[in-house]
Amino acid sequence: MITLTDQPFDPAEALCDFEKRAIGAGAIVSFTGLVRGTSKLGTVKTLHLQAYSPMTERGMAKAAADANARWPLDALLIIHRTGDLEPGEPVVYVATASTHRRAAFEAADFLMDYLKTEAVFWKKETTDSGAHWVEPRPEDYEDRDRWSKTGT
Amino acid sequence: MITLTDQPFDPAEALCDFEKRAIGAGAIVSFTGLVRGTSKLGTVKTLHLQAYSPMTERGMAKAAADANARWPLDALLIIHRTGDLEPGEPVVYVATASTHRRAAFEAADFLMDYLKTEAVFWKKETTDSGAHWVEPRPEDYEDRDRWSKTGT
Amino acid sequence: MAKLLYFGRLTDVFGANAETLALPAEVNDTSALRQWLDDDRQLGGTLMTKSIRIAVNDDIVPEPWPIADSDEIAFLPPVGGG
Amino acid sequence: MAKLLYFGRLTDVFGANAETLALPAEVNDTSALRQWLDDDRQLGGTLMTKSIRIAVNDDIVPEPWPIADSDEIAFLPPVGGG
């Protein structure tokens, strides 16, 4: 299940709903990404997230399908914000459920790497020293490359 | 923060509280372990968890300290049940918060491997075909061994 | 008329998310569009970098890719959410 | 009197979590205790396996480890929670 929303959401509520869907799974891993209060450029005032619908949704659906093909998942959830966010607000929430603990961990990790480097979003951070667009760091691309399948 | 309890708990509530403690962290990973409804031996009726206090608590505190020494964590939470549980009930909840997504994932994964293979608990599963004590699987020990530091 | 969309830092470069305009007759593929638009707005090569990808009618295309005056053409700087 | 604690499957083997008893004079380390108790209860070697560890006064000990009649001695089959 994938949700793109310009409204605030509550990760605890999302986990509660997800648990109901995932009954019988055994293992649930969840990731919450929150807007940080500080960045290299100072104190963060707002983070603006821009998407390109329906390309953004289509890419997220593809990543979810890839995760389902790769790991035996009982359920999967992605919630991603757009619009203007304040420090401490959730930007992204990913949850995975499986019989196997390892599968749940790896699938959540994989989805986050996708979201950080390939999901169709652009982020503009406004700090007390001005505004700038944030692009993925080299480490983000390295993290993503852990999942590339060579020769298959 | 480590809690050993013979009372049911709510992972969603735990995540909500944890987020308040972890404000500013950026990345929160959580793991929920639920009692499965079926096992190799049939339909599960109850799972009984036995601990040896204070050895159990001491071991969990040591694992938490190890995680804090190894990864830059802003907060960490472990809740573990004892007593009699029914299918679908949460057995264990682990949450980690960090500025770094990778650190939060790895620390949660590490703590779960500890809890599965080294935490001082014994589990008795009662199914429709009888009762038996469950010990870690070979895969659980392999998962744990990923974290061993050689030569340091 | 073609619809051009500008994302990420290009929103600031163009001072807009989107504009609708008539493409000159000789601008018939994405390479020609990058060059013409960069020159027209005096962007000094901003649109010429490979890190900016182009989507035509909602699909990222290998370039050069043919374009028509009825297309929706989006300029996409490096993406990343979360 | 020594307090003996039985965990995991040993709870079923002994039919109890714990018992308090006087150790025979010659049972003065963990190896002697394993042997004596296994014989006494006719367990056929159940207590002799290395996978059962022993804790003396709440600490897992390397064996053989000296024991006294006032100790709390716990028999621990392979652990694992979660």
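Just so it is clear, A, B, C and D label the chains in written order, and each chain counts residues from 1 on its own.
We take it that contacts are C-beta pairs under 8 Å (C-beta built on N, C-alpha and C of every residue); 3 or more make two chains touch, one makes a residue touch a chain.
Computed from a predicted model, the values in this text were never measured in an experiment.
The minimum number of touch steps separating subunit A from subunit D is 2.
Of all chains, the one whose mean C-alpha position sits at the greatest distance from that of subunit B is C. Centroids of subunit B and subunit C (each the mean of its C-alpha atoms) stand 50 Å apart.
Distance between chain centres (mean CA atoms), subunit C to subunit D: 76 Å. Put simply, the C-alpha centre of subunit A and that of subunit C have 27 angstrom between them. For subunit A, residues touching at least two other chains, in rising order: 33, 101, 112, 116. Contacts with at least two other chains are made by residues 82 of subunit D. Contact between chains, per the stated criterion, is found for A-B, A-C, B-D.
In the complex of the two chains, the subunit D residues touching subunit B come out as 5, 7-9, 11-12, 55, 58-60, 74, 76-82. Those residues of subunit B that touch subunit D in the complex are listed here as 33, 49-52, 54-55, 80, 91-92, 112, 115-124, 133-136, 140.
If you check the complex, the residues on subunit A that touch subunit B are 10-13, 15-16, 19, 22-34, 36-38, 87-88, 99, 101-102, 104-105, 108-109, 112, 116, 139, 143.
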